[in-house]
Amino acid sequence: MALVFFLFAFLLCTITSHVVAIDFCIADLKGGDTPAGYPCKSPTNVTVDDFVFSNFKIGKPNQFNFSFTPAFVDHFPALNGLGFSFGRVEIKRGGAIPMHTHADATEVIISTGGTYIACFITSDNKVYTKTLTEGNIFVIPKGLLHFGLNIGKGKASGIVVFSSEKPSVQILDIALFGNNLDSGIIGKTTYLDVAQIKKLKALFKGSG
Amino acid sequence: MALVFFLFAFLLCTITSHVVAIDFCIADLKGGDTPAGYPCKSPTNVTVDDFVFSNFKIGKPNQFNFSFTPAFVDHFPALNGLGFSFGRVEIKRGGAIPMHTHADATEVIISTGGTYIACFITSDNKVYTKTLTEGNIFVIPKGLLHFGLNIGKGKASGIVVFSSEKPSVQILDIALFGNNLDSGIIGKTTYLDVAQIKKLKALFKGSG
Amino acid sequence: MALVFFLFAFLLCTITSHVVAIDFCIADLKGGDTPAGYPCKSPTNVTVDDFVFSNFKIGKPNQFNFSFTPAFVDHFPALNGLGFSFGRVEIKRGGAIPMHTHADATEVIISTGGTYIACFITSDNKVYTKTLTEGNIFVIPKGLLHFGLNIGKGKASGIVVFSSEKPSVQILDIALFGNNLDSGIIGKTTYLDVAQIKKLKALFKGSG
Amino acid sequence: MALVFFLFAFLLCTITSHVVAIDFCIADLKGGDTPAGYPCKSPTNVTVDDFVFSNFKIGKPNQFNFSFTPAFVDHFPALNGLGFSFGRVEIKRGGAIPMHTHADATEVIISTGGTYIACFITSDNKVYTKTLTEGNIFVIPKGLLHFGLNIGKGKASGIVVFSSEKPSVQILDIALFGNNLDSGIIGKTTYLDVAQIKKLKALFKGSG
Amino acid sequence: MALVFFLFAFLLCTITSHVVAIDFCIADLKGGDTPAGYPCKSPTNVTVDDFVFSNFKIGKPNQFNFSFTPAFVDHFPALNGLGFSFGRVEIKRGGAIPMHTHADATEVIISTGGTYIACFITSDNKVYTKTLTEGNIFVIPKGLLHFGLNIGKGKASGIVVFSSEKPSVQILDIALFGNNLDSGIIGKTTYLDVAQIKKLKALFKGSG
Amino acid sequence: MALVFFLFAFLLCTITSHVVAIDFCIADLKGGDTPAGYPCKSPTNVTVDDFVFSNFKIGKPNQFNFSFTPAFVDHFPALNGLGFSFGRVEIKRGGAIPMHTHADATEVIISTGGTYIACFITSDNKVYTKTLTEGNIFVIPKGLLHFGLNIGKGKASGIVVFSSEKPSVQILDIALFGNNLDSGIIGKTTYLDVAQIKKLKALFKGSG
């Protein structure tokens, strides 16, 4: 009977080996990106380490009391084609995440500690605000202006999930003041005073 | 032979009439929206007028010298499930479209006249600017801050296409200053001076 | 404080520069097409002109009184992955667009002038006909036979939007009579008289 | 130890029973269709028979020597959301499937017997023809004109798969001649002679 | 000038208020599910609490030393249409997660503490094993058999992300032994000895 | 008039030849796979044979009384991007298809003869069983454990359709016993006796 089973296993293996394994599509980052993601790394070169991202650690806090560690498809090729990615954030006491948007990604915050106010503003101009503590999850719909504040007595930390393998971030101040966009035009299209614009351009190293 | 053809037509019709027509899915706006769009209006109630949007006209210009006429799925149910929608815009001499984003829609501007500067800022903080005239098409990627200026001697007009049936718009000033978001928090997260914030809150009828 | 802001901007930039910009995916037409579109042009080579299509102009009318200017992804790589594309059409007095289908694209006609009858036939054999004038939009569901007639006293013009980056067109007469498909087989499968078929094959330069 | 296992099973069941089963989404045909398919039948009402279509049999041949048995989502609700459906066809000796298109479906023919010529015409006006016998599969790309001929000495049969849960069919002759579309307009847009049109309108019971 | 701004804001609001807010689609769980998700809750009834899941806490450990807290769309309607969901897991010393599959979901494990071996087996019969500690992320491709073991000296914990709003879990033993599937048939199709099957059926409360 | 038609055809051809044919995307298997499928073979190299799979024949039965002939995208490149593929199966009297899953594919069985019991087990631990005969179709939802038994007096045969171009199969016994996964770990995570595991490892040529 062992022989029979051997043959059986052999035959089934033969059937399944006609095609290369397709249980996954690890990104070949050197291949060109496409609207659906990167080409797949050849299955024969894939090892268990392709499925692991080891450095999802809290980074050193910066002067602004927060750190952010991304695990996007460019850092973690196993996310290719999955449509989501991750970040790890820690905000020191008193810190804030400034006003920003993610162009094509809903953000989900999983609070892992501290007391953090998350806030977003919808396109019909309503303000949604929530104080988050450990074990809370909060959803920030795609593309909307949002920000956060650590209002607790210690650090606030979280794991964030984005509905994109490659979420982009547009920090409002950097976008408005950190490039060479003419101050007069900024004024005309944002109704900010030119003096205010020039003050922030100086801070954010913009010109114009 | 006519009889044969009659039977033929009859039989084919029988085959095809087993199921209701499914060449289209006109939105039943009274049904609940879903992540994929509205339920389909019953095909038996559909008429040719369901495929027509008649009022894609230039509206009256407002005090700011522009008009905007939307043809989104809520106005034009034939767009249900198509993933795009339309707008018609006319900007008077000297007018501007203020800084804004569309959370989940790429915008395509088809210039139909005048001289119009379109500008967007990417998430890596580059400014892309182009002067558009009749017969130019310009693509503004999804979710990015952008604005426009009529720099010509007359009106500027265009047809815009959005990569969403229901594009939303978030006007920067209204989002920041047109609600009750606390001025201190706005200051902390945008680096704007509180005096500037309060000035614009007054203009945009916000409080806080 | 300026120093602080400088550091802040620096740090945020560092965060965002870990990955290349992904706000857009301009087609690299030399890369192989995929079911989801072309590979993305390297972001470092992208300029503002990649977002512009300059020649969306009315072409010279042909002997049949119409012109058609396409802006598909192969002409306008910024449309890559967007799922729609454009055409500009002008039909002289008395002109017609002959019976045809678009295999995988819904067509939307935005009338920009004149008086034009648009007509499509559904799979349950109903005829939907509408007379379009400036400011009307008309939707022709995917894959159905349709045609148009300029019934006005002057030109009729429009902008068309297709629900595909690469819409194809199958002109009925060219498909039936402009190749070497055997006349007997055409007769057997269309019930047209062979004399009629041969007459049109002569006109459309087909053989067989 | 049995107790332990009992508790284990109990606990896991508790975990998994928090939500209703979502391994499938059988169509609730009475619910309104949406662009993504029908609402799901309540899982508590689903039985094994919801996964079965029993009548995928060859039907009686008609006067034209063929039969067609559809298994689309409206006949077989288990196909809801799957994006494909089936048909069973048998063509008697000498029979033909007339020129037609499927607006939104690629068709795959799996020949189960006989000798059958399948033919499609692409949008760049090339004719692709293949003689199929048992054990051949043939793909007809979405939306293109195609037809078939039984050229064997007996019946030809096949199973067809469509890349749509609800494929539509547009038979060329019925679309052109089986309704009240004006003969003059048909002539102007198809270049067919009006006499030919009127002859076929008589056969296909059209008017105009 | 204040008046002008007021009018401006008013007009823009008018433009944007033509359609209801569509920045999000919170699930209306009472509406029928569809292949694309639940219908959207009416935006007028949405509050900030719809975006919050408060109980993403570690549950009480069971006899097997693990707890699992799901945050799927049925528990957290804000995930509707997003295509992912969450779970929180804690495994006591010596605990194991038994062999199981998620039919339609890739699983991502974000280790938050302890020492945990995660393992999956691909369809070409390779075993991928990794020891995870705090700050590691591991991807388990969709639909494959996998399991985990706490091999550390204390608890192991993690946050899991599934590539489905409604991930299902099929525990191998419960599927095989916890129902009334005939032991002879199980033996014939799994090659397990009937005595072994009956022993496990007794433990998992199955019959047959 | 012939000249006019010639010019007409010429002009239309010119319009349509601006872009390469895009009615299909035959897989270029040498190009790297992507999450959306293979790159498209250059249309200029495509012939009618690219649309044909000729060997969809019943293979020789193995010692276990069944044969399986796959027509997946790697065997039949015309399936690229279609999202489904095919197999042909024949099971001799008394044969069984052992317990297995398809990680990312719903399976549809179209019975073409014999008497075959198909069975699947859902994630809420219900057993769905059906006896299939010629002309029955049965749907096995994605990712679930299932198996089949020929209970008739002769062969049972079928055509299977998978909702994936590249369905994978995970045979339960081969996955558990046909590799070097440690028997103790298998025991701990499946509750099988180690003796049973070692017996099957011997049969399926596994080690550990």
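For reference, chains read A, B, C, D, E and F in written order, and residue numbers begin at 1 within each chain.
To be clear about the criterion, a contact is a pair of C-beta atoms (placed from the backbone, for glycine too) under 8 Å apart; a residue touches a chain by one contact, two chains touch by 3 or more.
Protein identities per chain, from UniProt: A, B, C, D, E, F = Germin-like protein.
Given the structure is predicted, the values throughout are model-derived calculations rather than measurements.
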Through what angle, to the nearest 5 degrees, does chain D rotate to match chain E on its C-alpha atoms? 120
Indicate whether more than half of the residue numbers at the chain B-chain C interface occur in both copies; give same if so and different if not. same
Which listed pair, B-E, D-E or C-D, shares over half of the residue-numbered contact pairs seen at A-B? C-D
What's the distance between the Cα centroids of chain A and chain C, rounded to whole Å? 36
Computed distance of Cα centres, chain F from chain B, in Å: 42
Where in chain C do residues touch two or more of the other chains? 5, 13, 16, 21-23, 31, 34-36, 103-104, 122-123, 125-126, 141-144, 168-169, 173-174, 178, 191, 203
For each chain, which other chains does it touch, given as pairs? A-B, A-C, A-E, A-F, B-C, B-D, B-E, C-D, C-F, D-E, D-F, E-F
Within the complex, chain C is touched by chain A residues 31-36, 62-64, 68, 70, 72, 74-75, 103, 166, 168-169, 171, 173-174, 178, 202-205
Note which residues of chain A are touching chain B in the complex, please. 96-99, 101-104, 119, 121-123, 125-127, 141-145, 147, 149, 168-170, 172-176, 178-181, 185-186, 188-193, 196, 199-200, 203
Would you tell me which residues of chain C are touching chain B in their complex? 5, 13, 16-17, 21-24, 48-49, 51-57, 71, 76, 78-79, 82-84, 86, 88, 106, 108, 110, 112, 122-126, 128-130, 132, 134-144, 159, 161, 163, 191
Which residues, counting only chain C, touch chain A once they are in their complex? 1-2, 4-9, 11-13, 15-16, 18-23, 25, 28, 31, 34-40, 42, 80-81
